Every structure is written in structure tokens, then in C-alpha cells.
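Both complexes below contain chain A, partnered by chain B and then by chain C.
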Partner chain A sequence: MIKDGRITNCQFNDHIDEFNELLLQNLRLVTSNSNSEISDANFDIINNYKKELNLNTKIQKKIYMLTRICISGFSLPTSLLVDFTISYDDFYMVPVLYFRVFQDSSRSIGGNIDEAGVTPITSTEELISNYYSVLNLNDDLNLGPTITLDSHHLIYDSSVWFYIHPCETLRTLKEFMEADNILFTCDSEQAQVLKYLCIWYATYGLGGIFPSISLRLSLQV
Partner chain B sequence: MQSSNELIEIKDKLWNGSINIKILMEDDNNEDPKEFLITAYRNSYFPIYFPSVIAYFQQYNERIKNMPVWLEYETVPIKWNLPIGVLYDLLHLSSIIQNREDSSWKLTLRFSDDYPTDQVIPFTYTDDDNSINYNRLLKEVIVNQLKQSCFVINGNSKPIMNLSEKDSDELWNAIRTHNLKSFNQINKKIIPIRKKFQKLPVKIYIPGSATIIHAPIYPYSDTGEAILLKNILEQYLPDLMSNNTDKVGSIYIHGINVESIINKEIINVWELFKHLDNFLYIIVLFSTYSTI
Partner chain C sequence: MSNVSTTTENKHLKFTPIQSFVESSFFTKLSELKLNEFKLDSTKKQIKGFSTHPRRLNKFNDHPTINFDYSSFDKGLNVDDSNISWKGYVYNVNTIEEFKDIDKQATLKRWGTEIFDKIKDSSADLGYECINKVHLLAFCDLKKYKFYYWFAFPTLHSPWNIIRSEEDIVESFIPSIKDFVDTSKFVQFFQIGDGNMIERILDFQDNKVFVFIDTCLSQECAPSVQLKNYLYILAHKGFEEIDLIIYRNNGSSFFWKLQLDKNKFTINEVPKILGWERLSSGKFGPRLADLGSLIDPQELAKQAVDLNLKLMKWRIAPNLDLNLIKNQRVLLLGAGTLGSYVSRALMGWGVRNITFVDNGRISYSNPVRQPLFSFKDCYSDEGQGEWKAIRAANMLKEIFPDVQSKGYNLEVPMIGHPVNDEQKQKSNFDKLSDLFDDHDIVFLLMDSREARWLPTVLGLAKDKIVLNAALGFDSYLVMRHGNISQESNDHLRLGCYFCNDVVAPNDSLSDRTLDQMCTVTRPGVALMASSLVVELLVSILQHPRKQYAEPGPANSSILGEVPHQIRGFLHNYTQNKLQTPNYKHCSACSKYVIDKLNELGWVFVKNCLNDVAYLEETCGLLKVQQEADLASSELLKDLELSDDDDSEWLD
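Right, the complex of A and B next:
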């Protein structure tokens, strides 16, 4: 069961598959903008896999889940590819999100990507100025304090990712999890961890940064 | 156990530990590469040196001023967000131990439109005169590292978040100018007294592999016994510490083989050898990568 409003690396490992299933089934592009040009945007999950690191230590194994989504539409300057990983940070004792964003001028659909037409976006300003509508961002939003470029904590050889700095995640999630009506004593550990991860996704996961890439649950966890 | 004077002297030596680096820049006119020699502190970061390196090389190519530069070692772009000494130990130490190269480090300076953004954090800030501002991004990266280590040590990032603007500026200036006294004055506000330590922030790297181990270490066991450096290695690298008599690897901190202090308490090792981001970096060279 969840203790002190946080999950452990072990609980993360035990239930990340179930959370991943939820993601695959319920991730949606939900634009609140009524602009018809925006609403033509398509959203596809084009890659999703789990990687278990072979560290050969006596401590808990390390796992990350990598997903690639593609947002395309005639109103966008190019298609947008977003890679994101979900993993557990042992220093901060919380799940963490790393993501990379690419412009795909080949306007690929359904996974057929011409890598020559793919260029990385390396500043949040560039991201906001070109894609704020489809990502439901404010065009004057300053993501700088919350998002920085950093090396991935588990993927050493492909180093540069945007990273949502998690120094507030533990405290914020604890407040959410200890609020009334979130956890029921009859909940299984799986249900509790999934609730935790859904709240994490909406606050410090991809949904917390890009409100339009939303985890709309069709089933009660 | 060393006396406090000896410990101060060791800390001073570690803080001032440095590396001789030859930086080469290829010439557009196919002449011999231009050279710049620097002695860089191990416990510092390359972007701090970039302005002086650029100031020298711009006499040969003015474009360098307005394009972000990066360094390469044997065609591998260098991740400037790690301390220089850690990079040196990761990339160059095994060559020295195997007597393949001397201790000076030869790097190549690059600048072009093809900045390796997939491997090295790109510099996106510029000054009014359009020159690249290296310090601003470096400061952000180091502050994030300090927040992370502060969180591990205290259980939250409040001590660093609560620093006054004056203290924050002084801390950054101490890092930039490599002033130990000034750095310690502010850093002691981030690090609590020993008995309030929650965990110690430790990172373990294995050169030649993609392995990075982030190890938050309890300094004491549940029964109050001090955890030793050896215990950490046994837990995180059981292959290295197996009872097999064949030596499988060597352990380095700040470029120093630390096997003689393997039975020291981890809290003392951390306190002595931590870098300015308050992380203890341990480099493990396995025999596959060294001839030890």
C-alpha cells in the first residue's frame, strides 16, 4: 500500500505495465480551442516500449517506459514528434518525466518517419511560439523555471532531454494523495499506485506541461 | 584518522586539483590546428573557460564569437554539464593507466551549425551583442544539481530555495571564480549538521559502459552503524566486490585510486571528496577497460 503519500521504486516497477496500458488506451489530444484549424490535428502513438536496465546491483532494478507520439495537422507548421520517458528517480523518490520534441517536416503518419526530415526543438520558446495552440499553452508562458534541458538519468548515450524538475513533486503528490476521497482503504495496492500515477501524469507528467495531451480515463481506476 | 588541519589541507588540494588541457581548433585554411593551453580545475565546468578560449581563438576565426562551441575528445562530443575532473576520469583516465597517453588532455574545439544537440546540452542564451552567454545556462544546470543534492541530504530543497538573492549570487560567484572560502560560507547553509543528514548523494560511473548509478545512501544502518565505502560498492557493484581473488576493477574519486580508504565511513568519504554540486562521483574502471 502507498505510505506517506508516495510510491517506492518497487511499487513503480510492479505497476508501470498497468499504467502504461491505461496510457495507451486513454491518451487523447484534447484541444479546448474551438478554432477549426486546430481541431483538425491528428494524434497517434507510434512507439511504446519498456526498457529494463541490466545494472547487476543488489538494489531495485531500474525501468523506463518510452513512448513516441505524433501530432499532425494542416494548421501546424510541421508534424510534431514527442518522445517521453517515465521512470523512477531514486534521489527525489518520485516518478520523473523526460521528453524530447522534434519537428517532422516529412509529415509522417502512422510511424513512417523520414529521419532526414526530423529536427530537434531545443528551446521551450521555439516550442511555445510554433505549437502553443495545439498544446494548449499560453503564447506568453515561460516554461523555463519548470523545464530545463538535462542528461537523461537512465539513458546516458542519448543525453539531451527536457526535464521537469521534480523538487516539488514529492510534497505536492503527498498533499494530493493524503487529501480526502483519493485513496480508499479497500483499494488494492495496484489501484492506489495507478491513482498516484494518474495524478502525477496530470501534474508533473506530460499532461502537466502540455494540457492538450490528456489522460482521459474512460474507466474508473 | 587525519587531524582537522590535515583534512583542511586535503580539501584544499582537492578543490585546487587541476588538469593540463591542450585545446585545438582546426583552421579553415587547412593550416596546422591552432592551440590553446589551459590548466583547468577538476572541480569546475568547461563553460566557465569558454569565454577565454573563444577570446583567444577569435583572432583566427571571428565567427566563433557568435556560435555556440563544444569540445570533442577523439570525436566524442563532451557533455559540459559534468565536472571537468569527472569527464577526464570517465574518458581519459584508463588511457593514462594503460600508459597509452600522458596525463595532459588533448581536446578539439568545434563550432558550426551542426551543434550535436542530441548529445550535448545546447547553449540557447545570447547577450545583447549576439555573443553566446555560456554562464547563464551553466548556472541553471549547476543550481539544478545543487537542488537535487540538497533534496537528498535534507529530504527537501528548502535550504537552497530559501537562500537570499545575495547568498545565491555569492554562491554562483564563488563557483565561477573558484573561491573555496566564499563557496563554503554559503554551502554550509545548504548542508545541515551531520546528525540531521537524511541521505548522501552519490553517483557511480563505469567508463566504457552506459551505466550511471544514482545512489542515495543512508550514512548509518538501522542499528546505527556507520556505512562504509566498501558496503556501498558491495551493494551497487557486487561483481566488483566479489570474494574472487582476481581483481576485476579499480575505484577512483577525483582521479585518485581510493582502494586504501575502502573501509572508511561513507559519510567521511563524501564530506572530503564531494564536488561543488555536493555529489560524490565514484568512477569504477573494470578490468575489461583497464589493465590493472
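Right, the complex of A and C next:
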């Protein structure tokens, strides 16, 4: 069961598969009615895999799920690829989101090698100026939670990811989890952890950054 | 996405091609290996990829995907339970020409032939990693962090036709296949008998059902293209008609009864080989990953600095104009303790254009107080020590490569120090004057009072934002100089550093004792003054009236007040805000002085340097002094005893 409004690395490991399933089945690009130019946008899940680390060692097992989604449409300059990972941060004791955004021009142009590429977008201005409508970003440059550029805590290399800093996640999630109507005593641990992760997704996960990439749950959860 | 199909007389066999997915840590690892291990060695190196284990596939896995990341170079085959791994090689060539010139068809044929040879060798035990291999042709442009790459997953063609695709027996096999897939070590192709699995190809028997564990859940009955190699093996081993279950974990397993078209199959000939990955447009061609912005340290520093500042904007002060700060060109007069700290605080605010002026070399006492210098700077340049301005500018670039920093080794002409080398001093004046023109903001950070005079005059004449920081032993003064606005109320203009003086500044350096020759202050004072003066600048810039902003709480901007002067004292730890208007006879900022400078330029400056009395006359201080003398002598006269009084006293 969830204690103190937070989940443990173990609980994360035990239920991440179910959450991943839930995410894949229910992730939607929610186009707002007022914005007709994005209504043609397509949303695809391109890749989704799980990596398990620290196997055969005494250190606890770490897991990350990597997902690539593609958003395309006539109103966008190029297709947009969003890679994100979900993992558990032992120090902050919360799930963390790392993400990257790429322009993918290979879908439209072929042949010319220099143009048929995938280019990362690391400037928030560029992201906002070209894609804010489809991602439902605010044009006052407010990207919601605190984003920094950092190396990935589980992928050991020299490249960087956008990272939602987890300094506030624990407290905020605890407030949500302790609200009266969230957890029922009759909930199984799985149900509780899934609720927790859904709320996390919407606040400090991808949905917290790009409100239009939304986890629309059907009522079975 | 187009499917590869083999044409047959009967029903087509359709396959789903493999997609590669490269997480960028694959490329960072590859470049690291290229730099440290492979170097110019372009022979093939082992890599491995991984795919989601077939028991974990979901409906989004409509293509077989092989993923590559930092772990692709790990030795050994160990992957976690969630994935299965594929072996292969990377061919990392040294030039883009080599990459382009490689004969792609011949290369693919060679790779295919390797599989063919293994199949021919009847003693070889063919595990799935030996049959379905991964080949990667790559070129790393390590300067631009561009990676050109093209994957190939070679498959051997054999002519099979579907003669039947309905079969009731499938369902009865599924539970035991599922159990085998879920619990046993991964095998991709096997035979199923009476509950037994025959895994070794050498042991395959006639009349038993074959099972292919699919690595994708494509909508149509198009299994992963990896099946082709197993079919080729069967053809090669003499199977002519087979029952095949394509197993999937989501209930969409299906059955094929296949027949080999013997007329089109020649056993000893290398078959048609396919396998280069197509682009997502469907065309054949290499891919490019341009990862500079994720890897290039210089790019990263740039993005990180900006992003860090934006956080302040997003979280605390949404109306903060960061670009305004970033675009300021700042001139620092003095590259000592104050100059060092001020430049660092400016960089912290994202200022990218910083110029130092100083005429000194770094001495042994400097580095401990001046954070841009270190021990070796004290004795480099043939033991003389580096020039401060030059070293400071270079150091800023070392700290943050995106900064545009310059250093000028230049002596600012000082009031009270007569001109003794006119050519040199005039050129210093001209250079300084040009530097003022090229910058928006000037900081006065020198260690003497008289060195601040000319920059004060120039700053006002050229309408620059001038900030001043000066230190005492345990006190500091931080202030901004007033600017002449278009409005007519010039008497309200804020004063400058010299406004409270009734004499023009003079040579204070010549007769100083040793303890006065360098700024003798409590070391923390410089940090306090430096931070305050930079924050004062930022407050000015964020105020709608900029340098014309009036001090005081009534005229706050988004960052609050913009004071005129801040004086701090360490002996009692107090700090005061002060505000004084300009003095109309000020030796530096009075209109008389500015007008004269504009009129005469260097000649005016030369006259002032040579004779302070000339300056005092120009600004009217002389007259003020004379009037004061007159007034006091008159006062004395008033106090003098008259003869009459005298006589009275005598009585």
C-alpha cells in the first residue's frame, strides 16, 4: 500500500509494466476545439521499451521505460518526435521524467542525406514558436514545471535531456494523494500505485509539460 | 511503411521489415570509442541491439524494432528479462566519401553470404543470433557531432508459396508455445511435437509443425522479415512442404502451410539477399543524426545558461526581459578584484559581451582576491605576469565559451597626472573614446579616484549607463551616475561620483605609503560591492525608464527600487541608500565640463590633465572657491574690531 503519499522504488518496479500498458492504451493528443489548425495532427506511438539495470548486483534493480511518440500534421513544419523515459529517483523518492524533442524531416524529404535527418530541439523558444499550438504550450514561455537540461540518471553518456526537476514532486504528489477522494482503503496496491502514477504523469510527467499529450483514462482504473 | 514481399505464383508471402531505433547514447558511446579505442581502425566491431521480448509485445509494436543504445557495445550477450538481443557489427568508416563510396549491394551480398556459408556448414549449430544479424555502416563527424548511419538486416530469399492458411490445430498448440515463450530461454524458430520442443535445427523432423516466434504484432498476417532466413534454412535442408505457426502473444497467432517452389530454388547458389533499411519515406538511404545540441559541450553550456535564467523568469518574474540583459555590451574599466567579480556576476545574468580595460600585470598578491587569475598567471609572459585585461578576457571564455570577451591593455588618462607623452596619451584617449562608443554600459572599477574622472565625463557626454563601485577599508560605495535626459529639469538629474567635492580630483597616487598603494580593504567588501553594482544595473535595465528611473520606492520596477547610491559599512554592518542631485559646478558631470569636452575633445582633456585649475575654472569651482574665500574673508572682516570698538575696549 502507498504510505505517506509516495511510492517506493520497489512499488515502481512492480507496477511500471501495468502503468506502461495504461499509458500506451490511453495516451491521446487532445486537440482543443478552439484551435482548428491542429485538428489534423496525428499522434503515433513509435517505440516503447523497458530497460532493467543493476541485474546480478547487490544494488537494487532500476528500471526505465523509453517511449517515442510522433506528432505530425500539415500545420507543423516537420514531424515532431518526443522521446521520454519514466524512471524512479531514489534521492527524491519520486518518479522522474526525462524527455527530448526532435524534428524529423525524413518523413517528408528523401534522397538528400543532409536533410533526411532527425534533429534535436533543445531551445525552448524554438519549441514554443513552432509547435506551441499542437503541444498546447503557453506562449508566455511558461513551460509549467521547472525544466533543466541534464544528463540522464540511468543512461550513462555525455548527452543531455530535458529534465523535470523533482524538487517539488514529492510534496505536491503527497498533497494530491492525501486528498480525501483519491485513495480507497479497498484499493489494491496496484490500483493505488497506478493512481499515483497517473497523477504524476499529469503534473510532473509529460502531461505536465505538454498538456495536449494527455492521459485520458477510461473508467476501469 | 511498405512491406517487403516475395512474388510467388500462388499466394504472396508478406513480411514486415525491421526498424532500427537508435537512442543517442549509442552515438556518444561510438564517438567515445572512436576517439579512444578505434581511432582510424575501420574494421568491423561487435555491437548488439535489443528488442522487446515477444511475450511483452503490445499493439504498438507493429514493426519488429531493434534498439541500440550505450549498452550496444557491452561485451557478452546479457540483456534483461524484458528484451532479447541481436548480434552484429558496426563498420565505422573514417570519411564521408568512404561512407558514400562503399558498394552497398556488394557489401550486403557479402554479409548475406556469411549466413549462407554458415547454413551450408552442416555441423554448425544455428542459434537465432547467428541467423538474424545486425550490420551497421556508420560515419561519425566528431567535429559537428553528426552521425551518418545505415542499418542492414540481411535476409536470404527462398521461394515458398502459401498453399493453405486455415488450420484448426493452431489453437491446441498455443498454450504450450505460450508457456515455452514465457518461461524458457528465447528461441525464435523451433518444432513442436507432442508437448516437446525441438530447438536444434539439426534435429528438425518431417511432419512436425514449425513455430516462428514473431517479433512484431503487425495488423496483417505479415510476420517479421526475420522469418525469411529460417525458411531459407528449411529449403536448404530439403524441406519442401511445411506447417508453420506464427506465434504472437496477443491471440493473433496464425497458420501457414507452405510449399517450396523447387524450380526456382538452387541449393548451392547464393540466393537473392535483401536487408538495407528503408527511410521512413520508404526510400533506401542512410540516416543522419545531428546531435550537436545534445552533445557539443559548447552548445550545452549556452543552452544551460539561458535555460537557467529562464527558470527565474518562469518561476519568479515572468516579465523579466532577459534578452535585454543578454544583449548589453559592457565595458569594465579595471580588471582587478572588482572587475573579476563584476564580470562573473554579469555572466551569471547572461551578459555575453564583456570588455576589460586595465594597464596592469598580474602580481603575486592578485589571484587570492581576483578570481579570474591563478598562480601561474603571476609569472608567465617571461616572468612579468600576464596583462590583466587580456588574461581576464581569456578566462571568461574558458569559463563560458559563448561569451564575447576582449581585453585592452590601456592606461586611462588620469586627472592630476600631467601629460608627458602626448602621442601615447592621446591614443589612449581616442581608444577609450571608441570603446565607449562601442558599449552600452560602463563600470568604473579602478583603484583610484582620479582614474574615474575622465570615464565619468565621457560616460555622460556619450549618454552611457555608468556604474561605479568604490571601496574603503571596511566600507563601499555603489552608485549609478545620472544621465542628461531630454526633459528640461536638469537640476534634478542624479549626481556623479564627484558631485560632493568642491575641489577637482588630483594626483593621490604619488605620495602614498605602501599600505595605500593597493586597495587595502577587508576582502569581502569587494564581493559585496561587485554584486550590488551588477544587481543595480539589472534593476536599471528592467525599469521602464531605464537610466532615467528616479530612485525611491515610489518608482519600483518588477525587480523593485532603483536606488542612486548604496553605501555599506562593515564595522557596524549597515547599509544605506542615498540620493543626491547633480552639483551644477561638479568637476565631472556639470554641463560646463560636458560642453567643453564636446567642443575641444582631447585638447580639453589635455588641459585638464596638465592643470587642475583649468578644470576648476571651466566648471566654475574656481569661482565658487573664490566666492567662498571672499565670503570667509568678509566674515572675518565683520568680526574684526573697528577702531571705535577698540577705543571703547581700552576704556
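Assume the second predicted complex is superposed on the first by the 200 of 221 C-alpha atoms of A that agree within 3 Å, B and C clash if a C-alpha of one lies under 4 Å from a C-alpha of the other, contacts with A are read in each partner's own complex, and residues count from 1 in each chain.
Definition applied: a contact is a pair of C-beta atoms (placed from the backbone, for glycine too) under 8 Å apart; a residue touches a chain by one contact, two chains touch by 3 or more.
All of these numbers come straight from a predicted model, not from anything done at the bench.
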item: Which of chain B and chain C A:Ala191 touches, first, second, both or neither; value: neither
item: Touching partner for A:Pro120 - first (chain B), second (chain C), both, neither; value: both
item: First, second, both or neither for A:Tyr92, with chain B first and chain C second; value: first
item: Contacts of A:Ala202 with chain B and chain C, given as first, second, both or neither; value: neither
item: Touched partner set for A:Thr148, first chain B, second chain C, both or neither; value: both
item: Chain B versus chain C as contact partner of A:Val30, first or second or both or neither; value: neither
item: Chain B versus chain C as contact partner of A:Arg171, first or second or both or neither; value: first
item: Residue contacts on chain A - larger count, chain B or chain C; value: C
item: Partner chain in contact with A:Arg68 - chain B first, chain C second, else both or neither; value: second
item: First (chain B), second (chain C), both or neither touched by A:Leu55; value: both
item: Chain B/chain C common contact set on chain A; value: 53, 55-56, 120, 122-123, 148-149, 155-160
item: Touching residues (chain side chain A, partner chain C) in the complex; value: 17, 21, 24, 45-53, 55-56, 66, 68, 83, 100, 104, 106-111, 113-114, 116-124, 140-143, 146-149, 152, 155-160
item: Interfacial residue positions of chain A with respect to chain B in the complex; value: 53, 55-59, 89-92, 120, 122-123, 125, 148-151, 153-160, 165, 167-168, 170-171
item: Parts of chain C lying in touch with chain A, wherever the complex brings them together; value: 21, 23-25, 28-29, 32, 50-52, 56, 58-61, 65, 67, 69-71, 78, 80-83, 148, 279-283, 285-291, 293-295, 299-300, 303-304, 307-308, 310-311, 313-315, 318
item: Chain A-touching residues of chain B, taken from the complex the two chains share; value: 79, 81, 117-122, 124, 140-141, 144, 147-148, 151-152, 156-157, 161, 201, 210-216, 234-239
